[in-house]
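Both complexes shown next keep chain A, but they swap its partner, so chain B is in the first and chain C is in the second.
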Partner chain A sequence: MEWMVTAKEPGKTFLMQGNEAIVRGALEAGIRFAAAYPGSPSSEILTMLGHVAEEMDLHAEWSTNENCAFQACMGASMGKIRSLCVVKQNGLLTMGDALHTAALSGCWGGVVLLVADDPNAHSSTNEFDSRHQARAAGIPLLEPATFQEAKDMIVYAFELSEKLQQVVMVRSVTRICHGRGNVTLGELPSQPSQPKPIGEWDKLIAINWFHDLLWAKLDQAQAAFEDSSFNWYTGPEQPELLIITSGTGWLYSVEAVDTLKLDDRVGILKLGTTWPLPERLLLKYLEKSPRVLVVEEVDPFLEHNVASIIGHNPGLNIQLYGRHKKSALPQSFELNPDVVINALASVMNVTYQAPQTGEVPAEAVVTIPNRDLTFCAGCPHRASFFLLKQTLRIHEGNGVVMGDIGCYTMGGNRAGHFLLQSIGCMGAGINMGEGLGQLSRFGFGQPVVALAGDSTFFHSCLPGLVNARYHDSNMLFVILDNSATAMTGFQPHPGIPVNCMGKPANAVSIEKVVEGIGCPVAVADPYDIEATTQLVYDLIKKPGMKVLILRQPCATLAVRSKGRRKVWVDPELCRGDECGCGRFCSKTWGCPGNIWNYQTGKAQIDEVVCIGCGVCASLCPAGAIKVEGGQA
Partner chain B sequence: MPGGMQLKTEVLATSACALCGACLDWCPYLKNIEDHLVLRFDCPVEHGRCYSVCPRTLTDWQAVNGRYMAGVPFDPDIGSFQAVYRVRRLQPINDQQDGGTVSTLLQTALAGKMVDGVLVTGSGDPLTPQPYLAHHEEEIRKAAGSRFLASPSLRKIIEAREKGIEKLAVVGRPCQVQALRKMDYNKPSDSPALDVLSIGLFCMWSLAWPFKDYLARTYPGLTFLRMAIPQHGVEVTTDEGIKQLSLETVQAYIRPGCRFCLDMTSELADISVGAFEPEAGWNTVIVRTERGRELLDKASAGDVLQIEEYPADELERLRRASHNKKVRGLKNIKQAVDEQKITPFVDLSSSPYQEIIAESSAKEGY
Partner chain C sequence: MSMQLSKDPLNVIICGVGGQGNILASELLASALVEKGYFTTVGETYGASQRGGSVMSHVRISARKQYSALIPRGEAHIIIGFEPIETLRVAREYGNSNTKVVFDPRPNYPLAVLIGEAVYPEIEAIATELRYLCGSVQILEATRLAQEAGNAQAANILLMGALTAMPEIPLQAEDYSQVLSQRFKGDVYALNQEVFDLGYRQLAV
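Showing the complex of A and B:
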């Protein structure tokens, strides 16, 4: 949909995805630099910017990690051009120190940090609320509630950033990023801005002397927010209850008031500028209402800040409701209209009967089995987990496997035979492995294995690898190299020779990096389960720090370039449920391409999903699975 | 008959496994590397061949013996047999362990079309056992000489079936011969026929693979050429001469499963072959079945083997040695069963075992 984000049609309204609206906003603001590390729900933003980079004459990069991305934006800011950094909530924490120091030094060219949070952790390990970081670092925070705001706030955030010489955070959530709504376009700049020279005594230095300056910038932001068009009130002059809300909470609140027909009793104060809070504006409405309900995602951030204002204004006598201690809303997980309607009904003491859906006719009831998160058909990770699990079971003394973040995190489920025993943040695997591996000197005898994907390797494993090598931890570090940042949609990383703008890049060799650090490194094919099992077995018997790269391109990508080979089952040879099989391919190997034919009682290949990797053929004890052109 | 999960509980997860490899044949759930054999993934099959062929699951050994040794006089110490000889090749071959008899029997079986293939254990390395299927006489040469490390060579049976071999000669340890008989005894009706000629080896025990690491650690840089256990201890021949190891050193590496073994002479084999203790360069050969007799007769007809009467006092010594292994084995089994460490695979309450257990309680085991 790149044509929409670059359309020169100001005033025209399009149905846009939130991430598209954000991109459009950045282009209207005239950015010339954008950097990000992929992470749902924000990944589409930089992908789109990469696609339009040439047309819009800007630089876009998938940086090695969020720290690189943000500080690169700060560097571009020194050239007095505008730069956009895009991260998800976990990435924001990765760049925590960078953000806090940048807040002290301030910036020159506008720097907007777009953080996409993931309430309910639909595509994340956690639902961390990024807004805490804006307050902790002391930078202004904006929260779009609509798709139009998603665009408009980016433009405003750049203006504010340059006015304050401060980084501005815009916090989106999954429902904004991935939802769609009407967005009326603004003007694109006629000319790209040009970098300006930096004088000998121009410095961007983070030092604590500037702490007071940081507060002063916040005061300036607060003053601007008092009259912001992103904040508005709807409802009666003297409401019985005031809902204060931000982000997606606004639309849920509107729906709740409407559903319960409380528009003459309940008012809604919608805030787009949530740090620092526009205190005067808030006081104006707090003084009118004895009861306040705060509706927001995820933590009671706004609620606590409102409570702070109430606490600092002794004349107010307000009963506050919200997510704090579950006084009205759940403390964790994502809100939805039903949750908010029920909370409002309860606070207002009105009865609410959810609409009856009616009887579902028996023939319309479909029993859908529970489905695990699993690897795609042909995924090399399935083979890697299979061979690692069996090797550790064959080896005496159960191995301990540290997981990391990527598609292979799903290997902690049935798809990976529940192999993983730790899952933390990116880079946690090798560091935890390093620590546990040191215990061998105290007699800890179990092999220690840590996993990481290729993108994660570059993102956050390099210091850990140096540490493990330097201290010669007794461990095996396995890099699951599928030549893609597959989990988030195949974004390139430093190991890939083409960058996000489609231009050639200097791909970095993982094995050369590892060798350079001084670790013995082996490279093997996870599809060759027999040989690679033996290799892993030999490696875990060796003392010290070892590295193994299991390399096979992501099957979903490979099938696009290589095409697929036909795989089929010879029913005459298939042993089915009998001893010597017991549906080994579909039950134990578990590839979605291996299915069971209940009519014939034999295994079958789902030709729609099979990509023809042929690994199941190498595992079939009866040689019943055949591969076009012979086995891999 | 139970399946893989029970095999795991009763045999693989205890120390009872003899590492014969019979369970590995046919099964995708079982897997080994070196001497580690495990159920790599949970098996959903209720009744498994693995359990039915395992020499360490409860078996009516008297009935098995009755089926395959029908009409052959039973000896309580060395099993049913027709005759015992001392045998050697007239022209020794390279790498032969003692008299070169096993290699000669295999060559005879192939040349005389008694079998289409032979399953042996060998490799270029005299320590590492590597099972392989041989179809030609020349291929047998590289298997010459004893390997003291255990190898689950029966996993290759399936390969023999796949290659269309109908008549197969197998050289195996006593546990492997037991498994071969159980494979046939408990054969499912739908199983393809496989006619096995078994050449059983004499075996006191086999060694766990860390013994290799021990040798490499103790004699770094040396190449190991041969290993033998003459009367006075253990000899490892290297490129820098013979290294003597004490029996105690080596015995520390005996596989735990071997301590439960009651069979020194491969009592269920068609023909059994071992060392002839009093004089190097000779083998002891026990002819048990008619097929074993036929094989030895064919081998001797070509003037390749020298076959002599077995000294009576030596037969007594052989009986005693074999009997002592039963005494030790039963003592170990009873103790492990009493401590609930293993599930009995012999009926300890049957009369011959009861007598030996009574005898063993008076003796020291190793």
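Showing the complex of A and C:
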């Protein structure tokens, strides 16, 4: 809520989403520059900063990719103003080289890198633990445990960044970003900071001469972390077991100790500063406890770093438990209170029984159908995958489709007829397609098709497209252009004429970029199944590198601007199971708006779900599906 | 007024399918609770849920401290279901023999059912299993009532009316209405207020 993040009511407590708390923290720190590329669970942060950009007099941008975003922040830092870069864990890897070099040069105006990890990969393809990158690059790392800390740590991270002249990383996770809780506001700055001139000999140069300086900055951070108010201990003077925990692990640990009534036997050391570790503070508690359990998301990062401290202090004799080799906690996936309660019960040798449901007699147990993710009602990707399936699997027989990251990744499952045969990172489709397409010279005869969305195209497909054109790979590159970064919530990208601050932008034409590279390019409407199927068929018959743009706006967005058209089934025309279509509209087409009425034995439109695209009407062999105002 | 709760933390799960508006509903509920001075945590499990997946919000209310965003297994005191099979899925994992369940009987058919690979269970069978699992089970035709009131999409607010009427929830109808009036204006506010009251009356004792 914009009014909440800009409220001038210090001391007032609101329910805030973790991402809102992060925005509020950045505004309290007085940022004037923010850059990001959308990625769940972080996307709401820059969306909100874009909405308040005018009011708070700051620049916010959805950069073309994370590498652009982070280096733009480093550039703004040269003007000695504060900048926030926001990425998800995959995006952090996209900007890996930039981060490692920036750690050598350091920064001037504060640069905070907010990384939103996704333990369990709720909306990701992996649950990579970004904390390794902070340690590898040699920059300080903070981990908020609550919504309040998410706000407060951003403010502190900017102070630390300017004190050290170093980038500071704050690592959040889905349960903070997409959770909500009480947050008490601090003060907003009264005046925006102003850029300062850069002198002739002021330079930000990343070379290895500064490697020792990088270590010295870490030592300085460590000294500050020894007394940090983000670290504290609760529990008995001499605990039988010490829990060391960071991030969301802290509240799970507190709940586990409460639930098992172990508060007089188990102590908890909660750490908010997790790289470099405050070694003196840790030693104070390690010396008191013969056994230690480390509770953290996702990898045993803290655990290994605590093990290193134990290894360097030969007087300590400690049994360490955690996620390493599953000694107490699972090695993969997200933690939750149950996992931590059970781990603590097992380490402390006490029993735990969760409250039980009533017993259900075997005959009363219902079989619950799975709920697969699928394309939304009216989604143009459903039409695109249907016509690709028609061309590549039915007419042509053996086409290979290389996937990428976006809503269309779901084309790898039932929603897209299981058509994708590779799913990698952003930009993987065009690059892998280029390689496979080269094999035609060795007699590989299957058509090669690579997919990318419009936002992905700009993010990471341009070098791949140049590569494929230059080496004239034998492939078809299909750009599924739905005019938005749809998966993460419809953020604008360089093809959209309005930016995240609501200001006009110089939209870049995808077809002009492709033409400029020299590739033949065609543009078609995926809703026009018949004509576009024929076009795909013709294109894959041609040798060399070809590009096809399938353009139709995201249906969920279109319905917001254009409203719904009414679609219905004429029961007189629908022939039911007599038709021979095999319930095409519900079974094959698979749009959530097309349902089967078991009472009448006829097709039906779910009017609550249908958005009125009308594509099913063009495919019904009996012409039984009717659209308000005629066909699609 | 005493802040004390019948259970502390009080654990409520609001579940359904992407697009039904249960994240908004739980956010409004939690805002009203924070306004009253409670520590409230909402954990939202949705992932790529705009694409028709299951969506679940855990709301944890305490007069004493901030809880984590996830409710332990078997610890839900109240489950509000926007969709029948999602209600059952959640009740099996998070319900116990005292849990109170209120659910909308209108199915949202998953892809497996649409393509004929799986069969959607009878609503009565779902209710029967829920009655074995949990303490009390009430069916509330929220989508139908909201549709009659003018917009099926407002079923979420109707169910929040029903939840607010439950004695465990430390809110008066006005508390939620205040949040509604902050968030919506004009006709949208009027419709939401109407369906909220409708839901409230269904469960008010």
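Keep in mind that, in the parts below, the second predicted complex is superposed on the first by the 615 of 632 C-alpha atoms of A that agree within 3 Å, B and C clash if a C-alpha of one lies under 4 Å from a C-alpha of the other, contacts with A are read in each partner's own complex, and residues count from 1 in each chain.
The rule we apply is simple: contacts are C-beta pairs under 8 Å (C-beta built on N, C-alpha and C of every residue); 3 or more make two chains touch, one makes a residue touch a chain.
All values derive from a computational prediction rather than experimental measurement.
After alignment on the shared chain A, the placement of chain B and chain C results in a side-by-side fit free of clashes. In the superposed model, A:390 makes contact with chain B only, not with chain C.
In the superposed model, A:355 lies in contact with chain C only, and not with chain B. Once the two structures are superposed, chain B and chain C can be ranked by residues of chain A touched, with C on top.
When both complexes are overlaid on chain A, the residue A:14 reaches chain C alone and has no touch with chain B.
The superposed model places chain B and chain C at 90 degrees from each other around the C-alpha centre of chain A, with the value given to the nearest 10.
Contact with chain B, but none with chain C, is seen for A:537 once the two complexes are overlaid on the shared chain.
Using the contact criterion defined above for the overlaid structures, shared-chain residue A:587 touches chain B and also reaches chain C. When both complexes are overlaid on chain A, the residue A:364 reaches chain C alone and has no touch with chain B.
Minimum Cα-Cα distance between chain B and chain C in the superposed model: 9 Å. In the superposition on chain A, chain A positions 583, 587-588 are in contact with chain B in one complex as well as with chain C in the other.
For chain A in complex with chain B, the touching residues are 389-391, 393-396, 417, 533-534, 537, 577-584, 587-588, 619-621, 623. Every residue of chain C that touches chain A in the complex is listed here, in rising order: 17, 19, 27, 30-31, 33-34, 39-48, 50-54, 66-75, 85-86, 88-89, 91-92, 95-99, 108-116, 118-121, 125-126, 128-129, 132-134, 143, 147, 152-153. Within the complex formed with chain C, the chain A residues making contact are 13-15, 17, 40, 122-123, 146-148, 175-176, 178-182, 248, 251-252, 255, 259, 336-338, 341, 354-361, 364-376, 407, 410, 414-415, 487, 556, 583, 586-588, 590, 592, 594-596, 606, 608-609. Those residues of chain B whose C-beta lies close enough to touch chain A in the complex are 3, 26-29, 31-33, 36-38, 40-45, 47-50, 158, 162, 188.
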